[in-house]
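What follows is a set of structures to go through.
The following pair of complexes shares a single chain, subunit A, combined with subunit B in the former and subunit C in the latter.
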Partner chain A sequence: MTRPDRSAIRAAIRAVAALAAGVAAPAAGVAALLLAWELAPRLGLVRAASVPPFSRVFAEAGTVLADPAFRAEVGGSALRWALGFAAALGIGVPLGLVMARSRFVRHAVEPVLTMSYPVPKVALILILVLLFGIGTLARVIIVVLACLIPIVISSFHGADAVEPRLIWSARGLGTSRLGTLFRVVLPAALPSVLSGVRLAIGVSIFALMAAELMIRQSGVGAYLFTYYDLGDSPRVWATAALIATAGFLLDAAYVRGVKFGLRWLAGEI
Partner chain B sequence: MAEVGQTHTTTASASLAGRVPKLQAEDVGKVFTRRGRDPVPALRSVDLAARPGEFVSILGPSGCGKSTFLYIAAGFVAASHGVVRYDGVPVRRPGPERGVVFQEFALFPWKTVLGNVTYGLARLGLGRADRADRARHYLEMVNLGGVEKLYPKELSGGMKQRVALARTLATDPDVLLMDEPFGALDAQTRAVLQVELTGIWQRTRKTVLFVTHSVEEAIYLSDRIYVFSPRPARVRAVIDVELDRPRDRERMLADPGYPLLHRRIWDLLRDDTS
Partner chain C sequence: MARPTPTIPATTPAPGASTPRASVGGAVTWLAVRTYPVLLVLAVWQVVAHSGAVTAFTLPAPRQVWDQAVLGWRSGTLIDATTITLVRILGSFALALAVGVPLGLLMGRVRPVRRMARPIVSFFFPTPKVAIYPALVILFGLGTASKVAMGFAEALFPILLATTAAASQVEPRMIWSAAGLGTSRPGILLRIVLPAALPAILTGARIGLVGAITGVFVAELIVAADGLGHTMAIGYRTLATADMYLTVVAISAIGFTLDRLILATRARLLRWTPEAER
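Let's turn to the complex of A and B:
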């Protein structure tokens, strides 16, 4: 039997330590939080009726996922979110790119954008209901409004910062002036656009949930509110936890997908 | 071969009597104007000519406007007065017959090496396979093999500039316009690429207009050097470099005429009074 090399052992120890720091430490943090959640109601530190222990909520989440009513609401919410998100992309990206290349469009759009930036879009929900009724449209529009600003601003900044020599290179290689918009400005602005889209994913889920909680016709938010009215706190917690998890997974999947799909990207998105 | 260097006092066009220049600039000036700011003169009046197949350098102090002149010749920037003619026709816009290479490489980061080099080939009506073959041919010409699937961020500076050169050569331009192409590279890479550029130029016999602020680089590469004054630039002197070709750097540096020529150009660059 050969004696293992000392440096190999040291490397193995370092690898284990790195694994511990990278995986074990975050896991320990989450475990501590969940343990506190479990023990606080059981030890009587908080009212168990309002804050059910983690194990109870976890079990309830399984029941919620199996509930056909919940599944139907998820389908409806996802559809409204996708419609609003697609519309915001279709409007926001071209608008941002054209703003960067046309002084006139920029001057026309910038004041509207600046004024609407600090407006909490959620405050407009009831006005949209007055305008469009409680149907799908009002909720889709709130998603569009919530997404539009991060998407337009990131597309504008991305396109505005395109290195002029990239455009010149393309022109020198025979691309027409209009052609550079699609073949150079759009791909060059893409890293910035993709960061804006990531922000938009977060705020749009927030806006849709807020709209559903207020309008209370249908959707995951309405499902949540129904059980709140019934005083079923484990189900309220379980549903809220599932919404939070869905948002987290959507963001993680987006980041992974972009990194996998676009190997040329240099920095973070 | 000590007879290096001859200063013309006559204008460029007069020294070229009898031959049609590939590229000719007449009284080209540029003043940058921006609302709310004083106009900035960049070029006063530049006369310049390059015969077909000639290697011509523009040498000048940093910020003297020599890049601006190149951008006017490329059609990226409009002249305030005067005209640049390509084959006798005034330049108004960029065109693939005048290929440009930038100091900052200006590669498309979202395209692979092969994608960058094939970029300009679609409009030539070549099929996909032909485009790739042609791109590989030019990548070999710049001594860059085996990296075609990499992205620009995965390349060193020297490799990036080789890709940029291959991308420009692939569309087979008549004229190469080079804006301090080796300025961002380390000295060793720079020397290697100078040798390779000379070889490519001698094989393809393209007309080259080469902007640099390195006296040695200008002497080593050029048939003729236009020395620009500080901003707003005009042509201070036109110098023929009559060193034999193919040139060898060691022999050039050992030539008794070389330090004299270097010194004379250096003095022209430093002299701000005229």
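Let's turn to the complex of A and C:
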């Protein structure tokens, strides 16, 4: 054996160790959490009737996914969410852009945002039901209200930071005011808008789930609450875990989608 | 995201924004700009309630809600519900700070901790935590514990992520200097990393506070025996609509006051940073 061979082996060992640390440590964290969940009820640290062990919940999640009633509710919830989210995008992005370009609009809207920011929008759900009935409209409106603030604020900040010379150049070359807004300001503000949209995705799913848990008429939240009322705790934990996973996957899909679709964007969203 | 700051400000500062003017006229303008949303809401509310487009049942006039507030104040039910909700909000916020800040500092500075916690944190951050609430009720019962747990779950992640990000971006030279002068590792965390990360932590705390308010209130709305959210749920079920509007006003007032308090605390704690001058 010559010396270079030995150093190559050492380098290989180091690489394996680095890989192990990068993969094993995260895996150990997740494994510890799941193991605690599995063992706590089995060892009697918590009542197995209220917290079923992980394996039980995992198996139950398969049953929930196969349940046609659950699948039907997923479709309804997704539709309401998409309607509200599209409406919030349609209102929020233009409003934020205009706020950055027009001093009047900015002074009119800014105090409203500051004042409504700390108010829990979901507090309005039952009032909206009172005003608009128990149907789809009240729940769509709550989704719109919940995601409007992050979308408007991020669009405003993005558009506010646009280099004025870009706008002057476009105007000087004969682009109309509206054209400048959508062809110069919007692309320049896009990274900020996209981060706002990411926040809005999380907030809007929260609002929709809260609304469905409260109104208990239809939707995934209502499905979950039905089993809470029946005292079927494995079903409650499994459905909750599925909704949580769906939220996580939606966020991950959004981030991946943006990274893939808009490769010219630098940095995180 | 680091974006180049425009060389020329796009807009001039607001009339009387941020600094109150010395003149009376300036002060009036400043106050008018700041409070106009409340006045606008009251005016629209008054007009719509009296227009006959909606019944007094679905939209009671502001006067009726005010009478309901006086009634609730005298009987003590309003104060009781508000106190219960406020204590739960503050409890869950304090708990989220107590867990989020130390864990965030560790995640930001200690690589094994970051590696172990990251997949768990990145799973729970974007999930709708409210879906877990029925499970929390099964686990913690109908009382305060399940509400505080819900508020905590909503408040923790903004605080934790802001702290982690800021702690991992502390200027290395400051840490080397402190280590070179003989500061221990826990000492560096407390006396170098924590102050350096404080502006970001307080920004996270402001977002977390809204999470705590929303979490506690929603929890009380869904299943509870007391608190403001419960008052609203009962108002909905017993068709006492004035109570529902009163609850919205009360929780908005709590949210607005606590948000102002955290901004004032932030300004006071950050006197030494360039940010405080803004």
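As a convention for this text, the second predicted complex is superposed on the first by the 241 of 269 C-alpha atoms of A that agree within 3 Å, B and C clash if a C-alpha of one lies under 4 Å from a C-alpha of the other, contacts with A are read in each partner's own complex, and residues count from 1 in each chain.
FYI, a contact is a pair of C-beta atoms (placed from the backbone, for glycine too) under 8 Å apart; a residue touches a chain by one contact, two chains touch by 3 or more.
In this text, all values refer to a predicted model and were calculated from it rather than measured experimentally.
Of the two partner chains placed around the shared chain by superposition, neither subunit B nor subunit C is touched by A:64. Looking at the shared chain after the overlay, A:163 reaches both subunit B and subunit C. Shared-chain residue A:206: touches subunit C; no touch with subunit B. In the superposition on chain A, A:33 contacts subunit C only, with no contact to subunit B. When the shared chain is aligned, subunit B comes close enough to touch A:263, but subunit C does not. In the superposition on chain A, contact of A:172 is made with subunit B only, not with subunit C. Looking at the superposed arrangement, the partner reaching more residues of subunit A, out of subunit B and subunit C, is C. Applying the stated contact rule after C-alpha superposition, one finds that A:184 touches subunit B and leaves subunit C untouched. Taken together, the two structures place residues 163, 165 of subunit A in contact with subunit B in one case and with subunit C in the other.
Those residues of subunit A that touch subunit C in the shared complex are 21-22, 25-26, 28-30, 32-33, 46, 50-51, 100-101, 103, 106-107, 110-112, 115-127, 129-131, 160-165, 191-192, 195, 201-202, 205-206, 208-210, 213-214, 220-221, 224-225, 228, 233, 236-237, 239-240, 243-245, 247-248, 250-252, 267-268.
Residues 1-8, 10-12, 14-15, 33-38, 54, 58-59, 112, 115-120, 122-135, 137-139, 209-210, 213-214, 217-218, 221-223, 229, 232-233, 235-236, 241, 244-245, 247-248, 251-252, 255-256, 258-259 of subunit C touch subunit A in their complex. Of all residues in subunit A, only 163, 165-166, 168-174, 184, 187-188, 190, 262-264, 266 touch subunit B in the complex they form. Within the complex formed with subunit A, the residues of subunit B that make contact are 71, 74-76, 93-96, 98-100, 102, 104, 106, 108-112, 119-120, 123, 151-153, 167-168, 171.
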